[in-house]
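When the chains are written out, they are named A, B and C in that same order, and each has its own residue count from 1.
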Amino acid sequence: MNNLSQILVNGLLIGGVYALSAIGLTLVFGVMRVINFAHGEFLMLGGYASYYLFTLWGIDPILSIPLTILLVGPIGWLVQKYLVARVMHSNHLNQILLTLGISIILQNAALLLFTGDHVSAPVSYGSSSVTLGPVTVGVARLIAFGLGIGLSALLYMILTKTEVGRVLRAVAQNDVSARLMGINVEQIYLLTYVVSASLAAVSGALTSVIMYVHPLVGFQFIVKDFAIVVLGGLGSVPGAVLGALLLGVVESFVGTVVPNGGGWAEGISFVAIIVTLLIRPKGLFGVE
Amino acid sequence: MALLRRYAGLIIFAVVMLLFPFFADDYSLHIGVTILMAAALGASWNLLTLTGQLSLGHAAFYGLGAYTAALLTSKLGTPPLLAIPIGGLVAAASSLVIGSITLRMRGIYLAITTLAFAEALRVATINLPSITNGAVGVTVNALFDGEKAGAYFVMAAIAFLIALGTQWIFQSPLHFAFTAIRENQEAAAMLGIDLTRYKLLAFGLSAFGTGLVGGFYPYYVTYIVPDNVFGMHISVTAQVYALFGGLYTVMGPVVGAGVLEVMNEFLRQHLEQASLLVYGVVLVATIVFFPGGIVGSLKQLWRRREAKRAHVKTTESL
Amino acid sequence: MLFIADLCAFYGEFQALFGVNITVKQGEVTSIVGPNGAGKSTLLRAVSGLVRTEGRIEFEGQNLRKIPAHRIVDLGLAHVPEGRGLFPYLTVRENLELGSHVPRARPFRAKNMEWVYHLFPRLLERERQLAHTLSGGEQQMVAIGRGLMSRPKLLILDEPSIGLAPKMVSVLFNVIEEIRREGVTVLLVEQNVHRALMASESAYVIENGAMVLSGSGSELLQSPQLQEAFLGLAQDEMR
């Protein structure tokens, strides 16, 4: 029984980190109708930013999150302004191939700059843990989870309660009408893309603390992100959070219960995608 | 005359392919094989894309072809020239399964599912060592004891078969059905086009071609591992060649493969690690500046010139 | 107030308007009528900067063709699009609020909302409902209300009566009259030729992307050419 609750908690904790990145992906899809294959690379860049801030200047990865955003956000801005904006009215194929190309560029630029080694930020609290009743959790993971869920909730509040959130949802639902309301739609796309890249970067910073990053880490995460947004319904923010927690838990179970199960993680994503699309193409949680 | 013009691309391709080995050393032959593999991959992917079905997981079919062939040879001693087509058939069979699951999916959903499918196969291959040797991979003997020209002609035959098949489809009623499905699925269904049948047919043919190339691969390099044949780079490569050369054209993928592979080889020698970076830049630049690819852009240029000429004629006659 | 001259409009290579001239005078209701596909909606989209154009479009002396779509609203021009163009998963209130997104209207959001709820009391009852759950008539009210939320000098309505029950159509034209009395100039595109011309001071008839007739609403109503052009439509309305 103890073991079961431990598995559950482990899964939920990692799900909190997945949530941030998945929300970024679903946001860009919801507002811009673009599937951003370069999304994982912003996670990778965020991971490296926080790793270098830590090893070069000793700034704690959690505290350096604003700096990480300041470093990665502008890259997102450039990518949207000069590349993705040009295919906004193009077909899905061109959009996918363009973002795939951007992903290849960023991956290989990272390989040249950072080499292919796995790196992680060895924070002092990295190995400390707390015991809460039957379960033991790492402090770093707990902080990462708290930040992941906290930021997701903050974003949800902004989307539902503020003028800019209303504007974002309006553009998502009808971009032509949004223009007629005097909304600068291109600017909203830019904002969305930068926010999305920043969320991925924060997720990457957390990843550099609780796991590791390397130039191709983005690809691992994007497959998970896809599974999550399909589970939660493409374009839905609450759906992405629930999907992330669910995927985290399932991965945790398979990883513990199935022999050698850790190696099957990407396989789980595939099964999640297929099963969801077959039973409920709009996502498991039925949010619009 | 019209017939000759229609087949011109294909004939030039065949002649160049046949004459090339007589002027080539082993290194050039190797580049030739690489180009042919790339062309065949791009052309196979293009076949599926004709129906508007966007696959990001052709590595699945490539890997299945490669593993089927390599395992048949290493475990049962099946001769390569038999194992390669079996690899193609296994890939085609798997495509019918994934194709029928994704039948009703559109655009991005299909793209995501196929991508995850290839990833799942990669993971399964690593995690089932009793069947696949796991991450260690499979070793086979080289075709014709490593005689480069022999391998070249086998690959040339595969590439020509795929190009010929594509040309045949472009002239058959299939082309109309595929295009109709791509342009407007609902309208196509109302015209009485059997969506299930044609979508699966495209999937099967495309996967068969991809599986053949995958089947050929282990005998060329003598050694395969899961990351190599199921990796995302295979799926991307297939798309890039087709896109760069020109989507929905017969010779586009072949031209794209020729240009890009030569460029790639040049970059590899001069830039080493940075070559993939430049590759990404080419992909991005193509989409931003030439969304029709090389062949597509040339065709458009040609059409514009023709239109201009026609315009001049009519104004002159006035 | 709005002056359009030699206006051509294009969708890609396709030309939809061929030299249209229209003048909208302040304080009036002006209507544009014509058969389906004549280019009426295109004309309105051209004014709002949504299609590529050639020619002249001036609003209070400013060249609209030089101003990006999202700035045009801020000049005091609101466009209620064909098919209403609501944000389906936002509430009625949120839809209205977005109508006053532009800087010019933002400070008067509460006041304008009061005005809209006064014009359409039904919307106050439905305030918290998602727009897509409303009836067609209610949705049209939201669309017009959303346009009015920017306190426009010129309100552009694209086929507001389409798909509405006859009773709702009467309500709608009463509201248009009331809006005009409050000092808002109205440019109206309609399929319901008879009602539109009755409500208008001036009117234009468009066919195949070009202007064929113009005059006061009552003149056009009696014009034999119009009778001929719209015989089919008029009969439809009789039914």
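Here is the rule we use: contacts are C-beta pairs under 8 Å (C-beta built on N, C-alpha and C of every residue); 3 or more make two chains touch, one makes a residue touch a chain.
No experiment lies behind these values; they were computed from the predicted model shown.
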Arrangement of touching chains [line / ring / star / complete / other]: line
Core chain by centroid distance, with centroids computed from Cα atoms only: A
Whole-Å gap separating chain A and chain B, where each centre is the average of the chain's CA atoms: 32
Mean-CA-position distance for chain C and chain B (Å): 52
Computed distance of Cα centres, chain C from chain A, in Å: 43
Residue list for chain B, restricted to those that touch at least two other chains: none
Of chain C, residues touching chain A in the complex: 48, 50, 68-74, 78-79, 81, 85-90, 94, 97-99, 101-102, 146, 150
Residues on chain B engaged by chain A in the complex (per definition of touch): 49, 54, 56, 101-102, 105, 107-109, 111-113, 115-117, 119-120, 122-124, 126-127, 232, 236, 239-240, 243, 247, 273-274, 276-277, 279-281, 283-284, 287-288, 291
Chain C-touching residues of chain A, taken from the complex the two chains share: 163, 166-167, 169-170, 173-174, 176-185, 288
Touch list for chain A against partner chain B, complex: 29, 35, 83, 86-87, 90, 92-94, 96-98, 100-105, 107-109, 111-112, 219, 223, 226-227, 230, 234, 260, 263-267, 269-271, 273-274, 277-278, 281
